[in-house]
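Each of the next two complexes has subunit A plus one other chain: subunit B in the first, subunit C in the second.
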Partner chain A sequence: MNINIKYFGLLAEVTQQEAETINFEGKLVSELLDVLQSKYPALKNKDFKVAQNQELVSINTEITGQEIAILPPFSGG
Partner chain B sequence: MTDKKPKNVFKQGAIASEFIGESIAKHQSKTSIGAHNIFLGQVRADVVDGKPISAIEYTAYEDMANTKFHDIREAAFEKFNLTCMHIYHSLGIVKAGEICLFVFVSSPRRKEVFKALEYIVEEIKAQVPVFGKEIFEDDTHQWKKNT
Partner chain C sequence: MTNRYNRHIILSEIGQIGQDKITKAKVLVVGAGGLGCPILQYLAAAGVGTLGIIDFDTVDITNLQRQVLFGNASIGQNKAIAAKERLTDLNSDISIITYPEPLTYQNAIGLFKEYDIIVDGSDNFETRYLVNDACVITNKPLVYGAIYKFEGQVSVFNYNNGPSYRCLFPEPPKKGTVPNCSEIGVLGVLPGIIGSMQANEVLKIVLGIGDVLSGKLLYYNALTCSTTLLKINKTEEQFLSVLKDAPSFNKKQLNIYCDTERVISLYDIINIENFQLIDVREPQELPKVIGKEVTHIPLSSLEDNLDKIMFDKENLIFCQSGVRSKQAISILKNQGINNCFSIKEGASEINDFLSNHYKTTTNDR
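Coming up: the complex of A and B.
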């Protein structure tokens, strides 16, 4: 299925884009991260969280949503 | 929890002191209020390796952030006896010394607003996907981390 992936802050710099659509045939967030980390090796040593449809999820969560966001540490305020 | 639609908390650029003053003035008609408490986050000119930070450029995952602000707001109304609450956060460039976060809570009684304000600010720092790019005077940058 096609998944829209958004990148923010430092991670948008690392991937050199703020959003992309990829075709993903796996099941879990961890599998998606494997795909992204082989596409962008610099992601491997970065600290980030994953949100699916605007809720934070663990790497063992099943991908069900159309929108995934890769979020660096929050630094509001 | 209500199912009200999240409001947009973000304002482009710094939050002006005039805006903050007007927000206070607007509450003079709400005479059940006996106590206000205000938090103002200000951009600090930290010095890193001899270079001072001149500004922070804020970006956010705006839809999720507005939803999180809304959830924090609803949770605070459940936990504390508040009459009203306002939250504003900057997006874009905010220079050192300018205000980037304005949280304003009001209640009939003071003890509620002291507790509520700390709760809300700490939740914002922890839960809301906002990202600060700290810009130095020589145009290099680093990414802010909350401590």
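Coming up: the complex of A and C.
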């Protein structure tokens, strides 16, 4: 299945892109993160949350949608 | 005489009844910086009857690119007090209460109880979690905003049984993994946009109109002009664990303020008679500081060079932006060395300052 992934904030810097489409055959968000972390090892040291179809989900959630967003916390003010 | 709030009152959604609600509202803004300035400006202009401002920091010249309540004359002044001066001129009919001190685990609960709505314009994770937890304990809605370079996040937490900041990000990220504005820069207009959105959420809550941004995180990118709205689900355990720890809340310490107690501004060093300047940048970093003797100890090798710290004078530590120098203070504190201060300004401002205030010859060792 093709999944569109959006990266926000410094995660776009880590992955050098704001969005990409990847082919993913796994089942859970955590498996998708494994794929992304092996593709971008620097992601392992980052804190972030995952949204699927515009809803923030836990890593144990099943991938059902094709729109994934990965967002870091911001602290600036 | 035409009413100051005429353009509100003639809106059928607001009217005199709505304007009276704004007059009765009590709103506390945490931080009078990039976000705080536009938040305060619009809330004061709108006539929020009681506006609290808490900020321990002082205005410096690099703030003026985005912190629009301040001008050259404000440099060196406390931000809460400088903001009040400008806001009083904008609207003298409202009551503005300043707290020129850090928000801490000791003062937060008492302070929050005095207000209806808390607005987070702080610039560090420690304070953001403190604000969240104190809002959960006092059951106050929290209007949240945060920025990074060209992007911003806005949400309303703890509103009408909605989720809290911890439902979004349960724990603070590991220290040093997320840089802040002073380390990486920020587009000046971005906090203007995000802070204005926060002020808008405050007014919607006060007026009871529209859809409050609760249970949703709004993401804004200034470069693409795109917004993304993400749904946040409430995690009951996050509330329970904060409430469970509530009895020991005022015993906690904010790490950042242990450090910032030892942060000084250049304008304070005139009062220090005997000091040595320590540059903790790497040797290749520019500009070199000239006009005063400087000891070079890169942060990476600080622990191996403790013998260069003077015990008979104050050690004033600087770097490019005031971030590494703060880390140096923590390292030295852990070694039991306390006669050290971090200069909050960076090397180029230090040069400007030294050329204006000191005429000592260069002896750069």
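Simple rule for what comes next: the second predicted complex is superposed on the first by the 73 of 77 C-alpha atoms of A that agree within 3 Å, B and C clash if a C-alpha of one lies under 4 Å from a C-alpha of the other, contacts with A are read in each partner's own complex, and residues count from 1 in each chain.
What we mean here is this: a contact is a pair of C-beta atoms (placed from the backbone, for glycine too) under 8 Å apart; a residue touches a chain by one contact, two chains touch by 3 or more.
Since we're looking at a predicted model, the values are computed, not measured.
A.B. asks: Identify the partner contact of A:54: answer first if only subunit B is touched, second if only subunit C is, both if each is, neither if none is.
C.D. replies: A:54: touches subunit B and subunit C.
A.B. asks: Who does A:75 touch here: subunit B (first), subunit C (second), both, or neither?
C.D. replies: It touches subunit B and subunit C both.
A.B. asks: Which partner reaches more residues of subunit A, subunit B or subunit C?
C.D. replies: The partner making contact with more of subunit A's residues is C.
A.B. asks: Which partner does A:9 contact after superposing on A: first (subunit B), second (subunit C), both, neither?
C.D. replies: both
A.B. asks: Have a look at where A:65 lands relative to subunit B and subunit C in the superposition and call it first, second, both or neither.
C.D. replies: In the superposition, A:65 contacts neither subunit B nor subunit C.
A.B. asks: Thinking of the overlay built on chain A, is A:45 touched by subunit B (first), by subunit C (second), by both, or by neither?
C.D. replies: second
A.B. asks: Where does A:26 make contact in the superposed view: on subunit B (first), on subunit C (second), on both, or on neither?
C.D. replies: Touch status of A:26: no partner.
A.B. asks: Would you please give the residues of subunit A that touch subunit B in one complex and also touch subunit C in the other complex?
C.D. replies: Correct list for subunit A: 6, 8-10, 51, 54-55, 69, 71-77.
A.B. asks: Within their complex, state which residues of subunit C touch subunit A.
C.D. replies: Within the complex, subunit C contacts subunit A at residues 31, 33-36, 120-125, 128, 145-149, 151-153, 168-169, 172-174, 177-181, 186, 191, 217, 219, 221, 224, 228-233.
A.B. asks: Taking the touch rule as given, give the residues of subunit B at its contact with subunit A in the complex, in rising order.
C.D. replies: The contact residues of subunit B facing subunit A are 41, 58-61, 63-65, 67, 89, 100-101, 121, 124-133, 143-146.
A.B. asks: Per the contact definition, I'd like the list of subunit A residues that touch subunit B in the complex.
C.D. replies: Per the stated touch rule, the residues are 6, 8-10, 51, 54-55, 69, 71-77.
A.B. asks: Under the touch definition given earlier, write down the residues of subunit A that touch subunit C in their complex.
C.D. replies: The contact residues of subunit A facing subunit C are 6, 8-10, 18, 45-47, 49, 51, 54-56, 69, 71-77.
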